[in-house]
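The structure under discussion is supplied below as structure tokens; questions concerning it will follow.
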């Protein structure tokens, strides 16, 4: 009865168009008010605590901030150039390079729509210019963009870690191989399609220019690529925790955008070396500009807008998360996870059968709600059953994340579809048609990742082994 | 005059929100640096001169304040995520009714949390306990929840008024996708120039 | 009549000593007060974590909880006594103190804010662990230690020239693993169950402090129960506590053996001279908190060692 009320109320409020955060919060409070003798006061306390006692979740605003600086800092453009220099001359190379660029951007950003937008807004038009069908280009990017939450860092993994008290850094490591696997599969599929459909290739410029461009583009992209090393290196190299690494990456991204690349802020259009400038004078000038530029960036409108944008996105996401945790809390006080778990356990499903149920449930849920909210509501229900069935908690987390990825490109509701439709100026229906053939690869990936736990667990276990324990 | 004040307040709101985010980031960054350079720092300032114990609690408190203070701003700029696929199918008159229902539901949300928060707030004020590490009374930190709910309620009431007076066609949600896009397209255009 | 519901909220798994104590209490009450009182146990922080639970209790949403003694700092300064380093020589001394008049009087030290202690439940004596051997206090100088939020514990590590760091469990493990934080202090049971022994190469059997829990209820709720019912509940609780404490003590011994067997960390015993050095460096912390805790209370604790 309570369960039915809670979920129906939630869906009605959502359908009416109440923001997800308030819909979750209001249905929780009303359920408490009507069916429980808990006080409103402790519900208010709980909401406040949800927002103020999850250190792991702090990484979310930090990663969003860092992502905002990177997107505005033109890092995406440099990553694309780097990827193009590597595989651009293969048949279908531009599409493959776009996937590679998505993977690289995914390795510095924690969100999928951000990845699609950052890379897609540049490369889709570029591919069309070079003779690729637009639908092909859009489909590739919509799919490759989902890697944003599978290749670490990942906002969704942070939420899973917070909900289940598993290690965020182990989750990050576990996402690495599956992410690269899906990315490479996409690239192979593109190559095959390119052969079959005779898609364009760039002329191989000869070894000299090839190496020269590779070196130049690597150098140019180094500021962005360094961030991958900073984030993962500081976590695994013993300097910082995931949350701390996120803060470090935000500070670094600001530095690289304002001082390194000078794409925004007070030093915009100020070259590292002016024409005809002597080395000594250039070094001196840049040294002086270091403190001056960084200090002046504090009050610079472009920098301010970037921070405000990041703040806006962070607030919305954290507000949803805080209320979703409240919803999960009500589920728990009403013993609903307990009952559902008993029901599902009662079916006597084997682990593989349970995982199919999980896949279906999550794919459906993906159509109504934000991934973080889904994880927070579903994890308390599904996680204990998974553990009971002997499924590794980290592996289970990766399965949930891949499901969330797929949810982003399945109709009717999928964030990546909306972004893709927006970039290309076509309808959602068009975007769905463009993305669907590639979806097959993701679904195959999901099956393989679900039933071969080693793909996810190999790297974290191997790293542990390196450190001398199993 | 009134408009100037409103604009000033709006600007102040944005600045405060940015300061929260930047402050949190720098606090955590600062802790990492202190830990990393601990040996050098005690050499410089002497043993026992360094205390980073309070940072965690302050950052977390900052996070809660950031979200609660900023949630109302999210409503003002239409940044909250929701599902409006169904509402868009309705004719205008029905959309306005639904919009009013949504505003009422949002106000109920604020009202219930204010009511609950008030009871908690009074209790904490009465027994006067402080935070774990910071010498700040519990009720002071919690008061942001009350302020946040009042601010959200205010913004919702504004929208309700606009719907009632025919200035708005309904409760508008953020189109998250469109927003990510607009920023990006704008920036890439700038970059191309 | 509706039965009286006691929501017992704790933060550990059901198979831990505290979890078993709570379940035992639930079962005993069900057996003896059938229909009059119902105990609902919420493990694993399902309901509230240790930071919120006391506030939720004061609001009437939880009736019983058992947070760590270090968690009461905001409610009373007196309970800080249990954090003082090298105060008790072993668990027997701890028991003598807790069951003696001073320890029993401490149970009512939070009456003015509306909380009432009902009894103590053990976790055990704390050990030091780090990425290098800690044999004398000098070894800890310049290291970073993760500790629970407590002024006393902060002072304790500052006394040896170490940096106290506060991090939630979810991050501590990674930080210890990668040696971003050098060490921590915990009981054998926690070092084993939280897998700290996998990421800390050296553990010193220092027995320098104590982790115990206080079972608390809301004063108002406790007094609202009819006298005869309350007496029965109290009796069931005492039996459950005795049961839980036995489990805890067996577990501490067992977990220490399991850690030694795993071979992943080396356990160091202190010679009496080495131990004396630690005591000498850390004991001045007592004086710092003497005013807050009360000298008579500290004296009573010292006496329990005899």
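When the chains are written out, they are named A, B and C in that same order, and each has its own residue count from 1.
The rule we apply is simple: a residue touches a chain if its C-beta (ideal position, glycine included) is under 8 Å from a C-beta of that chain, and two chains touch if they have at least 3 such contacts.
None of these values were measured; they are calculated from a predicted model.
Tell me the shape of the graph of touching chains, choosing from line, ring, star, complete and other.
Chain contacts: complete, every pair touches.
Which chain has its C-alpha centroid at the greatest distance from the C-alpha centroid of chain A?
The chain farthest from chain A, judged by C-alpha centres, is C.
Tell me, please, which two chains come out on top when C-beta pairs in contact are counted per chain pair.
Greatest number of C-beta pairs in contact occurs for A-B.
Rounded to a whole Å, what is the gap between the Cα centroids of chain A and chain C?
Roughly 40 Å separates the two chain centres.
Between chain B and chain C, what's the gap in Å when you average each chain's C-alpha atoms?
Spacing between the chain centres: roughly 37 Å.
Approximately how many whole Å separate the CA-defined centres of chain A and chain B?
Distance between chain centres: 22 Å.
Can you list every residue of chain A that touches 2 or more other chains, as numbers and ranges?
Residues 39, 41-42, 45, 53, 55, 239-240, 243-244 of chain A touch two or more partner chains.
Residues of chain C that contact two or more other chains, please.
Only 51, 55, 59, 167-168, 180 qualify.
Give the residues of chain B that touch two or more other chains, as numbers and ranges in rising order.
In chain B, 56, 119-120, 123 touch at least two other chains.
Within the complex, which stretch of chain B touches chain C?
So the residues of chain B touching chain C come out as 35, 38-39, 42, 47-48, 50, 52-53, 55-57, 119-120, 123-124, 127, 129-133, 138.
Could you please specify the touching residues of chain C with respect to chain B in the complex?
Chain C residues touching chain B: 51, 55, 58-59, 73-75, 113-114, 141-142, 144, 149, 154, 158, 161, 163-168, 180-181.
Help me check something: in the complex, which residues belonging to chain C touch chain A?
42, 46-49, 51-52, 55-56, 59-61, 167-171, 173-175, 177-180, 198-199, 264
Which part of chain A faces chain C closely enough to touch in the complex?
Against chain C, chain A makes touches at 38-39, 41-42, 45-46, 49, 53, 55-56, 161-162, 165-169, 235-244, 329, 332-333, 467, 469.
Going by the contact rule at the top, pick out the chain B residues touching chain A in the complex.
14, 17-18, 20-22, 24-26, 28-29, 31-32, 36, 56, 59-61, 63-64, 66-68, 70-71, 73-75, 77, 79-87, 98-99, 101-102, 105-106, 108-109, 112-113, 115-117, 119-120, 123, 141-142, 145, 170-171, 173-178, 180-181, 183-185, 187-188, 191
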